[in-house]
Structures are given as structure tokens and as C-alpha cells.
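Right, one structure below, let's go through it.
Note that the chains are named A, B, C, D, E and F in the order they appear, and that numbering of residues resets to 1 at the start of each chain.
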Amino acid sequence: MAQESALNYLSHGQIPFFRLPQAPGEVPPGTRAVLVGVPTDLGATYQPGARLAPWHVRRVSALVQGYHPGHRLDVFARVPAVDGGNVAFPPFDAAAMREAVEARAAAIAARGAVPFTVGGDHSITLPILRALSRQLGPLAVVHLDAHLDTSGPEIWGEPFHHGTPFRHAIAEGLVERGALFQVGIRGPWGSAADDAPSRGHGGRIVTADEVAERGAAAIGEEIRRALGGRRTYLSFDVDAVDPAFAPGTGTPVPGGLTSREAFAILRALSGTTLAGMDVVEVAPPLDAVDQTSNLAAHLLFEGLALLALANP
Amino acid sequence: MAQESALNYLSHGQIPFFRLPQAPGEVPPGTRAVLVGVPTDLGATYQPGARLAPWHVRRVSALVQGYHPGHRLDVFARVPAVDGGNVAFPPFDAAAMREAVEARAAAIAARGAVPFTVGGDHSITLPILRALSRQLGPLAVVHLDAHLDTSGPEIWGEPFHHGTPFRHAIAEGLVERGALFQVGIRGPWGSAADDAPSRGHGGRIVTADEVAERGAAAIGEEIRRALGGRRTYLSFDVDAVDPAFAPGTGTPVPGGLTSREAFAILRALSGTTLAGMDVVEVAPPLDAVDQTSNLAAHLLFEGLALLALANP
Amino acid sequence: MAQESALNYLSHGQIPFFRLPQAPGEVPPGTRAVLVGVPTDLGATYQPGARLAPWHVRRVSALVQGYHPGHRLDVFARVPAVDGGNVAFPPFDAAAMREAVEARAAAIAARGAVPFTVGGDHSITLPILRALSRQLGPLAVVHLDAHLDTSGPEIWGEPFHHGTPFRHAIAEGLVERGALFQVGIRGPWGSAADDAPSRGHGGRIVTADEVAERGAAAIGEEIRRALGGRRTYLSFDVDAVDPAFAPGTGTPVPGGLTSREAFAILRALSGTTLAGMDVVEVAPPLDAVDQTSNLAAHLLFEGLALLALANP
Amino acid sequence: MAQESALNYLSHGQIPFFRLPQAPGEVPPGTRAVLVGVPTDLGATYQPGARLAPWHVRRVSALVQGYHPGHRLDVFARVPAVDGGNVAFPPFDAAAMREAVEARAAAIAARGAVPFTVGGDHSITLPILRALSRQLGPLAVVHLDAHLDTSGPEIWGEPFHHGTPFRHAIAEGLVERGALFQVGIRGPWGSAADDAPSRGHGGRIVTADEVAERGAAAIGEEIRRALGGRRTYLSFDVDAVDPAFAPGTGTPVPGGLTSREAFAILRALSGTTLAGMDVVEVAPPLDAVDQTSNLAAHLLFEGLALLALANP
Amino acid sequence: MAQESALNYLSHGQIPFFRLPQAPGEVPPGTRAVLVGVPTDLGATYQPGARLAPWHVRRVSALVQGYHPGHRLDVFARVPAVDGGNVAFPPFDAAAMREAVEARAAAIAARGAVPFTVGGDHSITLPILRALSRQLGPLAVVHLDAHLDTSGPEIWGEPFHHGTPFRHAIAEGLVERGALFQVGIRGPWGSAADDAPSRGHGGRIVTADEVAERGAAAIGEEIRRALGGRRTYLSFDVDAVDPAFAPGTGTPVPGGLTSREAFAILRALSGTTLAGMDVVEVAPPLDAVDQTSNLAAHLLFEGLALLALANP
Amino acid sequence: MAQESALNYLSHGQIPFFRLPQAPGEVPPGTRAVLVGVPTDLGATYQPGARLAPWHVRRVSALVQGYHPGHRLDVFARVPAVDGGNVAFPPFDAAAMREAVEARAAAIAARGAVPFTVGGDHSITLPILRALSRQLGPLAVVHLDAHLDTSGPEIWGEPFHHGTPFRHAIAEGLVERGALFQVGIRGPWGSAADDAPSRGHGGRIVTADEVAERGAAAIGEEIRRALGGRRTYLSFDVDAVDPAFAPGTGTPVPGGLTSREAFAILRALSGTTLAGMDVVEVAPPLDAVDQTSNLAAHLLFEGLALLALANP
């Protein structure tokens, strides 16, 4: 379950995530991480396109090698991983998508492995949290995003679009009280009450400006200490990062994190027990030279490295 | 209800369809044509983005002047027209979209006006046909497209996506038997039975190759004669035209019509009694220099000219 | 004069600035801010295209909501605002453009409102300053830009192109001595004398490098203190920001501000009495995924928030 | 004055038109054709950018070799040609541009050479016609375009923008009566009177549709016969060609000529005595993969071949 | 060895050619067609990028269904086919590439299957012809291209670049005398002798203009008759097609075939005994919305259909 | 050997680097800096296209003026410079390219001038270092890059691709021990041993993260002090800079330097004795609005300013 050599992948017509072995729909014995795609953007409020991300992120992940020089470890040597294919569901049925994603995340976790999911839009996160918290109890959540994603159904008439997952997750008890960290938040809100769901649950909101002021490493360190070893779910909406670094996304907000800050925050979480991770809202039709897909692949690799660090 | 001068539009921040008066949600007395937008792509099977078309088609329609030199008539002098705004619906609810579109088309027709609708994906056509045929009886339909759009729910588990409108329209008796003309059809099919719904209803399928062989004017003339004055609905999926001319669309098929052939077919329909028209599947995120939006605006103008010809 | 709901705007074919009421050419009673567009790029020395900005900035401004979480205020509740349409002028006549812009800014100010202008290129700023200083006396000016814009006619044979507005503004006494702040300046100059007009007027030049070294908030704070409550005009050339964040502009210079720094500087100006603001040099043909138009909309919102802060 | 070898051009940092010798501002003895650029788009009514065309057309012209297999002749062996550089003028002064272009065309013609001019927008054509007709008398004109370009000042308040050159040329007696051929015309007009200037001068208007119906070769042959050996000026606006083939232009109109039809028309003019040629309205910022610049280079080559055919 | 259902492919992270079974490096018993990729552009003279084509053509081929309505047959039912992966070779060694491609083509043919190869640049064709003619004797060749590809080493100092394969193929006796058909040829040449290699071997050169004049079907029919049942290799350089339809290619030449003409020529070859086919010169970095990759997938499908027709 | 005026360059069809005099293949007496291009990407492992950079960097360098306000000096007044054209070599022969580049660098250095080379990919650096160290002895090297570029032939079977130059330079003794500074390094490695060649030679590796933590000026200052007046070669791979700022490059890695940091590092090197500089890996086909070419031109200007500072 290690990477294939770069030369060898050229001889294949297909590029699995990180040149890993393919195991569609399966969790081979000994697997620690399963990478899956969820090709949907039924939850997008503005520009769609995220349904196409799994194929593009796989393609560009061919360039990501396996040794992490910052953490000084060979990630795939410590974390046996496979490309688990995409989650299957009828593509026009958002409820069926949520069920299928939940079932898949549950199956991966049941085998003792950790799901790394590439969206799709952010509506894929709720079913993953449901599956994981059912097995593991309420989770700590580190959520990088420009938006709080705690909207209710009142604006668009739909309770489960991509701006709502954390409202449900809080309401359903999937997130441990006081263990929600939302980083990269910025841009105008609908009203002063937008942060009520997060604040009401003891959540910590770190704006993009605060990251700039205090430094990404300090923010990451604060979160690492606060997590204190809790099982943590990491949800990375690429629009946490500024559109300069992640142009290929559907609801961009200027003033975001740099890629380097994003990496610094993730690296500072070393020691965290990762229960799962997603990277969502990559929209390839808006990503002319694969900049956002490439960033997504590197963000996933940072998550895998966190798992490796806790996996000696 | 005539166009504003080109100079004047520069002083407005907004550009209604063809610089026409705005009448959102209304049909002012004397109106013959109402242009409306339906910003949805919930019916898209592959690349979405058509939800953004109404704003972009309006923007580029500023360049379209009002005199048609081929038909030698001043279109908006003969066809008082307004920009009726977009149809309103909860954006995540395809069924509600269909109801709202049907209601709007019915309201326009009830006032004796003709709806010209800019999608959105092709799933917007069925509710328009429902509304119009309820008032006018089964209609003749001229359908330009790369695809037959008579799929059933078996492939994607959804009966009303953008590849299905004419299956329903036939089954519901909205299309007059023997009065369905599908032009521009090409590309591989799922099976030999793909054309069964059309053929079973006496439909005439004109492939893109046949257009090339016999000439667009001849095809248009054949259809005009066959229509014989019937009330006709014109549904124009921009992917009828080759991706060279209409790159901004979600399911492109090479080998399509040229823009000029598309215009020639429409012009040959002079004398046809138009009950309504739509232009669908324009996807602005894939349309770098507005080529497809611009084509859509000109196609609409050709349809308005047909109405003008029958409106002396 | 508040924003329309996000859902409602979908039902309109048009998107006024920030979903505000439209009042083309007017200043309704009680209005505090009037947003106008000036579609011209007759002043561009290199790549043109800024003439198209007003329509694109309006379109993407639909996504900007009204509550500013940093300042903790509901901007449009405090600042009744309208979309005043575009300024009308014969599009090939730069002198006529300047007259029309001056007349419009004067009319807005005469009604006690504040003009927020979306260019167009930077040559639109001089007539605004002329109008405002005539009513209000010499103004303090905060000018964000990569360039000093104090060129004379010697290079291109034209006294009023987009590289010249502040030379004239200084010479004509429109800018208070010692109250010119030019931020984001960088890149090679023609000669050591390029900064003579600014320095000779007691201007403060803050290079992009100085912003990086001292921090945007510190720079903003310094300027805020120096302004000391003076009536201030804010002129924001998007090329102040690095081309990574603002690729859609005609004379980009690498090494610029980040979007976040730009916001931080504007936010630090809280308490400033804003006499007017412009955002110029957005060139949509160079802005593939609306990154620069989107930034421009958010910059305008920051300016409106400054007005709101001073408007309790 | 022949082309340099393809290999050699790689060793130069610069690429003159067709790898020809450079002679900026000069006409070396024996020269038959001088290629010049006019970097202006002050005459553009909609999207500008044509000012950048001369550099991009030169760059891509490196790929054009010198033997014309259709006419079976080595073009640059028969037509000694140079790259004469760009015409110099103060870039904000349209009147000065016209004077400079006129002077340059006159100087070239005075040396017995033929000017091949790359715009720039279409406003560069009038001064060339003025210069050439002063020396040669009224000329026959073959004008390929989507637009008639005979507008007056009433719409935009400017008599010399890019939609007006042939109105002036006719009024000033630069075009021989009955010897104006306008090919590729299409799209809506302002009114039925739009073709009055052309028709009143005995002009022949060939719509894009007529080209499709009768065939490009037949149209070319008709024009060739009608020219009957007259000295002819060839003005090629790239928007004569459909935006599918020439996306990089500022006022595109769907339904245009194919590239192949454009070539066929030019090739059919063999035997024509060419007094000059221009290719205008190439807008590189809208031309992502150089498609339009490349077409322009090939169109110029066809014009040079016509000169060669008459130059045995 | 049939296609997977469209719905099922969504659940895989990988998309083999036409959703076919994968058999990297193998030829399963019963296979009639093996699709392979050759990711190289070491032979490109101008803009490279074709090395990336195999992955992109596979991705977009997911949309191509299996029933050919023109020939009225279910292609993959008649032609058991697999995705054979890419040919492996050290990516900087053009000679090793040629050896590996030759070995692979030989292995496929030795098993009685037909290789369908996606380049890569045109330098991949020579080794395929070497392999096939060794087993089958000299072949008839139908070569669609803008260029004759019979250059020698004199221009670029390299005998095996992408402009040379047919010179070698002729010289090495791989092509049957009188059975070379080169279609789509256009653009200037280096000299009158450019066609000497083809003509000297009895080759038939059909220019793009001749296709326009006589019609694609007539050309195809002429070639079909001339082939007379000979074993035929089909080499399709996408630049045979006009850059409007195939913008993503490295040496585009305006004036090319339409997609529809390309299809018409291939369809007219029904009855031909296909020994192999390639589609080359697709350059994804120049192909913003996959237009050229999509065309390539459809061209391959037409070739597979030809094989199916001869395989009842 | 000073810049031409901005106005004058408009009258030329060609744009030499920085509007400098052209001296292809020569070093005029008194020249201090020679700018040359090397149009090759034979060394690219992933996306090619850098062969086209020299023409595009020249084109956009027209906007770079000559006075450096940070260093307060008129660069070209102190550093007489010319555009030396491109290095000539058979374009398919990497070994010949290396010989030609080495010969050219040697010839420039032999005349007492300093070569500033625009790639092309990074494989052009080794021959320059060979030429310079032969005349000047082992050099200090400041190398900005995302990658260490010390790979061996084991991965791709080629010893001289763009990921290998510093392995050879170290092994061949071209780099002074302890005087190698590699800045901007980031992203996963193949193994823990990737930095062995650099470390084994006493090299200093500064990751992109370290730049962020300590500040670019501090890093630059550390390097300046460590250089201590040694003759220094500066090799700038644009992928040192983040893809947000330099999207047009073939092997981008997220998390890189900002443009401003890159400039700050270069400016901090004032006093350094520059033996040569290159800017490599600019890939214009991936650089939609010239962002990367523009950055490259400014980086070169910073290098020229360093030479000027040491040249009073």
C-alpha cells in the first residue's frame, strides 16, 4: 500500500490518489487511510463544478511524493493507504448521497481506518460526521473555511446545502461542546447573529485577520493544545485559502489565508488524533491551471502526515 | 417597449435583454414577447454552470440591434417586448422550479404574449410545454440539440433531468403527433432504441450530418412546410451547435451545426406561428470570451424576428 | 434603501450594486451613499478593458452581504445607499467624460451624499476631486496604488491619462498640503524625480515593502492618526494589490499588497470622515474567474463600512 | 529581403513579421511590400485590446513559411518585403494617429512599395486610403467584415471610430464608384438605412449567408471579374470570420465566414493589382491560444501572395 | 470487455478509455482492440504539451456511449476492447520511446488485436508502422493532418521529430506504393519540393480546400474505393481539423477541416480493414474546455466503429 | 546601451529586453550585462512550455523602467546592457544546447560582462556554471526554487534534466563548498536523503516556511553576510514563488514565497558581486495574463540592480 514509483505511473493510464493502490469500495486488511471521492455539487449555492474535483485532484496528486521533510517521516510507510474510489449514489439525489457517504465513512471507520474524502461541495461533511461520531462519540472539529457554514434553511429553502453542515452537526450532537475551531472566517455576514450557532456551542472562531495578526503557527499551536488529544475531524474548505491561491472554488471571498498559512496550521496540529479529513469545494471548471486541485492534494498529504505522526 | 439607444444603455448600470424595458414578473398591456430567465442547472448530468446564463446573456445582448436585414423588418417595432426578469423559485428544489416556470409561462400566454426563456438547463422546457399546451393544445415542436433528450429515469435515477424533457412531453401529450422535429442530433447513443420515443411519435430526426449534406436552408424549408402553420414551440439547446461555436456548454458533442446553419434553419421557418422559444444549456463558466452567450442572444433575436414576421 | 434578500435577487434579471435599490441619475432623499459606474478606459496606457468593470462588479456584488463582523455593524442600515447607475458621456470624448463625472459627483455631494465610484481607469478620479473640493475645500487623500500617478504629459503627450490624476489634483489645490497618503507604491520609476510632486506637497509615500515590514494595521493606524478627522477621499487602484490577488488590471506590478493587507488598511481608518471613494482599473477581460471584480466589490463594502462607522 | 531560416530565428530574441528583415521607418531599395503595425484601439466601441496586436501577430508569424502551394509560388522570392516596424504617434491622440498612418502609407507608396498594415482597430484604414488614393486615384476596395463600417457620428458622438471608415472613404471620393465589395456582412442593423452609404455608391454587399449559399470561390471569382484589374485595396476585419475561428476580437458577431472561406475568397482574387492591405481588430487579450493572431498572419500571407502573383 | 454503465463509472476514481476494462500491458484473450497512450512530446517543434493527452482523453471519453447510430451498430459488442494503459519508457529518451512503442504495437498485433494509440506527438507513429508492417507487410495509410510530415533532418537537425514520420515510413517501405492518402493538408510550405516524398511514392494529397470543394463524403468514398480492402493504418493528427474545433494542439494551421468533415471521411471508409489507428498532437495545456480531447475521443470511437463494421 | 523611451518603443515592432539595444551574439565594448534567452524545455519532467519564455519575457519587459527607487539608482546608467538575443542550438539536442549555452556564457564572461539568462527550463544552469567557474573558480550560488534540483538519473533515466543541475554543479566542483544557499524549498520529497547532496557540500537550505517565520529580509541579510563578497551566481526558478504569484510554470508547488519576499531577498543581497543570473521555468502557455513573465522581468531587473550597486 505504498506509492508506486513516479516512472511506473507513467505507464498506467490511470492515476490513483498519490499513486496508491486502488481498492474501490474496499478496506484491505492493514489499511490505515482510505482516500475516497464524492463527486457532487448539489449543495452549491453559487457557482457549481465541485462534482468534477475527485478526478482532477487524483490526476495532479501524481506529483506528490511520500516523504514529509517538515515532520521528517515517510508518510505512506507509516500509513498504509489506498484509493478507495468514489462513493456511489444516484447523482441527482442529495439525500441518497448523504446516506451513501455516511455508509461509506462508517464502513471505513469500522475497519479501523480513517477516511480522507475529496468533495464535492461542503454538504458531504455532515454524513461523514454522523458516521464517525456514531462510532467514536462527539468529535472535536477543526474547520477551515471562509464561511461559518451554520446557516439554516431560511435563505435558500433547503436545510442541507453547503452552507449548513455545522449547524446540523452541532444540533445533532456530533461535535463536542467547546471543541469546534473555525479558522479563516471572513467577509460580510447576513447579520450579527451569524456566529450564534458556533458561539452557543463554545466554538472558537479564528478570522483570517487573526491568523495574519498572530501568525498561523501560533493559531495552530493554540488549537493543538485545546484539542488535547481529542479525536479530531478536519474539514478543509479550500475557500479558507484566498482566491489568489485557490481560484477554483464556487464562493470565493478575498482576504483569505495563504497556502503557507494553511500548511502551517495543519503542521502545528502534530500529535492530534485524526478521525477523518475532507477537502471540499474544489471546482475544476474555474481552475485553469490546476492550482486549486494541486493545493487540495497537498492539503490531503498534510492530513495524512498528521495521521502518520500519531502512528509510530 | 422598444430598445433604448446604445448610448443611453451606457448610462445604466443594468442591461436588460436587448436593452428592452424591464417588467419583472409582469406582462404590460400590448406586450407581444416576454423574455425571462430561469437560473437553474439542477438538471445537468455533466458539467453544471447554466444557472448563471440569464445574467450573461442579458449583458452581451446589449450589442444586438433591432433591425433584421435578412427579413427586412424592425423586430421590436412589430413585437413589443419586455424583459420579464427571472422566474423565482427556491434554488435547490427542482420540482418547485418546474412549478414556477409553468406558472410563469401560463401567465404570459394568458395575456396573449409569447414567452422567450433563457435557461438554465434543458429541464426548464417541460414545464413551459405543459403551460402552453394546456392553453393552446398539443404543439408542434422544433427542437435543436445534439441529444434526443428522451431518456428515461433508468440511467441516473431521476425522471426530470436535462436529458428527459421530450420523453415526458410526448408521454403527456404536449407534442402533436408527427409534429416533432429534432435537428442537430449526433454522437453515439446508449442503444439502438434511443430514438424509439421520437420515432414512435412520428418524430422527424435530422442529424447534424444530414444538415451538412442537404443544407440548412433545405432542412428549414422542409420543416416549415411540415409545420404548415401549426403553433410551434422552438427549443434551442446550444449544444446543437458545434463546440467550436458554442464552447460554453456542459455536454458538448463534436460534429455539430455551425452558427450560420443554425441561423439559416431559424430564418427558413418564416411564417411559423411561434408559441414560445427557449435557449438553454449556456454555461458561462466554460465560455471564456462570451462566445456562447453571444450566440444565444442572436438565436433569441432570430426567434423574435419569426414572431415579428407573423405579426404584421 | 436596504439590500434585497439574496433569494429575491435571483428573480431579477439585473443585479444592482450590493442588491441595492436603483436610482439612475438620482439621489433619493435620505440617501447617504450613491454608487456609480464610469465605463471608460480612454486613459489607459497599456492594456485597456476597464470600461467594462461597472457591469461585472455589480454582478459579483450580489454575493456581498450587509453585516460587517469586524466593525460589528449593519452597513446598509446605517448608510442608506442606492445604485445611481453609470455616468453618461460620449464614450470617445475624455474631456466630456471628465465634465460628466465632475457634474455627477457635484450633484451627489450637493445632496449631502457620498459618491462611491467604480471606474473605469484612474483618469476618472481628477473630476471627482474637483467636484468634491469645490464644495468641501481641499481634501485629505488616501491613495492606494502601485504607481504614484503624478506623471506629466511629457511621456505620452497627454496630460490627463490614468498616470496623471494626482499631479493635477496637487497643482489645482484639490489636495490638502501634507494630507496625501500613497500606499502600495512599488516597481521601477522613470527617474529619481518621480516622487517630487508628492514629496513637494508633503505627501507620505508608503511602499508595498513598508507595508510588509511594519504591518498593514500599523500603516493604517498611522494614516488614521495623521488624517485627524479631515474629510478624506479614498482612491483605490486595484493594482495596489498584487496581481496574484488582482490579476484583472492593465498595468500590473508584482510585489503588491495582499487583499488582507488592503482590507486591514481600510479597516484601520475607522473614524475617518469619508468624502468619497473610488475603485478603479478593474479590467474584466483579464479577469478570468472574476477575482478582481470580486475584490473590488469587497473594497467598496469596506469603504461603505467606514462611512457607516462615522454615521451612528 | 527573404525570410530567415526557421532555425536561425530561434537564435534571435525578436520575431519580425514572417522572419523578414527589419527596416523600421524605412523602405529599402527594391522593396515591394512593407509590413507595418499600428498599435491603437482608440476607435473601439466595445471591447478594446487591438492595440496589442502588432506584437502578437509578429510572434506567431514565425511559423508561416514562404512557399504558397495553392498558387505554386515562392512568395518572398517574388515580393521582396521588410518589416517596417510600427507607425509612431502619441498614443492618446487619434487625430495624430491618423496623420502618422497617412504619412507612412504615403511614404511607402511613394517608393513604389505596397503597405500591409496590421491594426489596431478599423479606424486605421481611412488614413491609409487617403494616402493611397492621393497617389493612385480612387481605389477599388474589397472589405471583409461583419459590419458595414459606414456609421456616422450620431450614435457615439465621434466621426472617426472603428465603425465609420468607409462612410468617410466614400464621402471623400477615395473609393471608386461601383468598386466597393463588402463581404461577410451579417447581424442585426440599427435600421433599414444602414446600407444606404454603400448602396448609394454602387457597392456590392455580400452577406455571410450568401457566401455559404454560393460558395466562397464563386464569390471571390465574381469580385475578381468585377475588379477587372483595378488597383484594389483589401481591408480585412477579422470579425468577418466567425468568432469560432477568430475569438480574439472586440465586436464579434456569430454566423461568420470560416477561415477556409476567407482564404478561398482571397485566393480567388489572383490577378488583382493590390495597392495595399490591412488586417484589423485582432484583440490579443481575448485570444487565449493565439488563434486569431495566427489567422491574421495567414491572411496577410495570402495578400502577399496576391501581390506576388501580379509580380512575375 | 464492454463498457461499464455511466452510473457505475461515477463510483470509480479512474476513467479508462470509454469506460472499458483495464488491462495494462496485456491483451486478454478475445480482445480485438487495445487502446494505449503514449505520453510524450519529445518530437514537438513548436508548442509542447501532448505528453499529457492520454490522461485527459481518457477522462472525457467517459461521455462517449457505445452505439453508433450512423453505422447502426453496437461498437463494443462487436469489438471486445480494453484500455491497455500507457506504453512505458524513460521519458527523456526518444529512441527508447520508439522502441517501446514498436514493441507494444507488435505485441498487440501478434495477439490478433488492433492498436488504437493516443499520443503524444506524431513521432509515435513511425514505430507503430514499423511493428505493423513487419507482421502484415506494407500498409495502406490514411493520414489526416495539416502537414505532410515528410520533412527531413535538415531544418531542425533531428531525423525523428513530429514532422518526419512519413518520410521514414516511405523510405523504410512501410507504406504500400500508391496507397498513401494525406488529407487536410494546407498552409504554406518551405518549398515546392515539400510534397516530393509523397508524390514520389504515388501518394494522393487532398488539401483542406479540396475537401471543402468536393465534400468530405466524396473524398472519403474516393479513398475507400482506392483502398480496395487493403489493410489500412489510420493516423489522425488533430491539427487536420481547424483550430476552431481543435484549439489544443501545438502547431495549428487555420483553414482546416470541420469536425463534421473529419467524421464524414472516417465514416465513408466503412469496409476498410483497419490495422491500427492513432490520434496525436492533442495538447491539453492549450485546450481550456477539453474541446480537443473530446474530439479525439470521438475520432477514436469512429475508428473503433470501422473495425466493428469489418467484424460482423 | 540605455533604455529607449517608452514612446519610442511603440514605434518598433520588436521589444528587446527592457527596451535595451540589440546585439545578437555579441558583447559590444563597455557592456556590463548581456541578457540572453535559451528557448528550451527539453529538461522538463512534467508540464513543458518554458521554451517559449524568452519572447514573452522580452515583450512584457517593455513596461519596466530603469530607476530603482529602493536602491536609489538608475540601473542602466550604471550597467550598460544589451539584449544579446537567444543562444542558438539544434532544438532537439540537449547536449548541443548545453554546449552552446556554455560557449555563450564563456564568451560573455571573457569580455568582462555578466550573463543574465532567461530560460528555458532549469537544465540551462549547469552549462552556465561550468563556463563561469572555469574563468572565475568555484562560485557561491544563491538558488531560489521549490525544489533542491539535486536529483540523480535514477528516477527518470536521464542525468541532465531540470531537477539535476546542482547535483552536477556540486560534483564537478563548480560551487564553492559551504557557499550554496537554496531558498524557497518546500513540498514532499522522495526520501530523507534528498538533501544529502546539498548538506554534504555544506549547503544552507532555507525552506519557504523559514522565510515566512524569520522574514525575507532577515534571510537575505544572513545570506549576504555569508556570501561575504564572494563571486555569486544567482539562479532563480520561478517556482520558488507560490503558484498564486507565478502560475505559469511546469512543476508548481503550493506554499511558496510571495513576490514581495522574493524581491526582499534579492534586495538584501546588495553588495554582492554577481557573476551571473538566470530566471528559469517560466511557461507561457500556462500564464494566461502574463503574470509569471512579468514577475520574471522584475526579478531580472533586481539582479541588474545588484550588479549596478557593485558598479559605482
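Assume a contact is a pair of C-beta atoms (placed from the backbone, for glycine too) under 8 Å apart; a residue touches a chain by one contact, two chains touch by 3 or more.
This is a predicted model, so every value here is computed, not measured.
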Chains in simultaneous contact with chain C and chain D: B, F
Common touching chains of chain F and chain A: C, E
Identity of the chain that, by mean CA position, is farthest from chain E: C
Chain located farthest away, centre of chain B as origin (C-alpha): F
Whole-Å gap separating chain B and chain C, where each centre is the average of the chain's CA atoms: 41
Separation of chain A from chain C, taking each centre as the mean of its C-alpha atoms, in whole Å: 37
Chain E: positions in contact with at least two other chains: 7, 90-91, 156-157, 242, 244-245, 258, 285-286, 288-289
Chains grouped in pairs wherever the two touch, ordered by label: A-B, A-C, A-E, A-F, B-C, B-D, B-E, C-D, C-F, D-E, D-F, E-F
Touching residues (chain side chain D, partner chain B) in the complex: 46, 155-157, 187-192, 194-195, 207-209, 212-213, 242-245, 247-248, 251-256, 258, 286, 288
Chain C to chain D touching residues, read off their complex: 41-42, 44-45, 47-49, 51-52, 90-94, 96, 156-158, 161, 285-286
Chain F-facing residues of chain D, complex: 7-8, 10-17, 22, 24-25, 36-37, 39, 54-55, 58-59, 83-88, 90-91, 285, 288-289
Of chain B, residues touching chain D in the complex: 5-7, 63-70, 72, 74-75, 217, 242, 244-245, 258-260, 263-264, 288-289, 291, 294-295, 298, 301
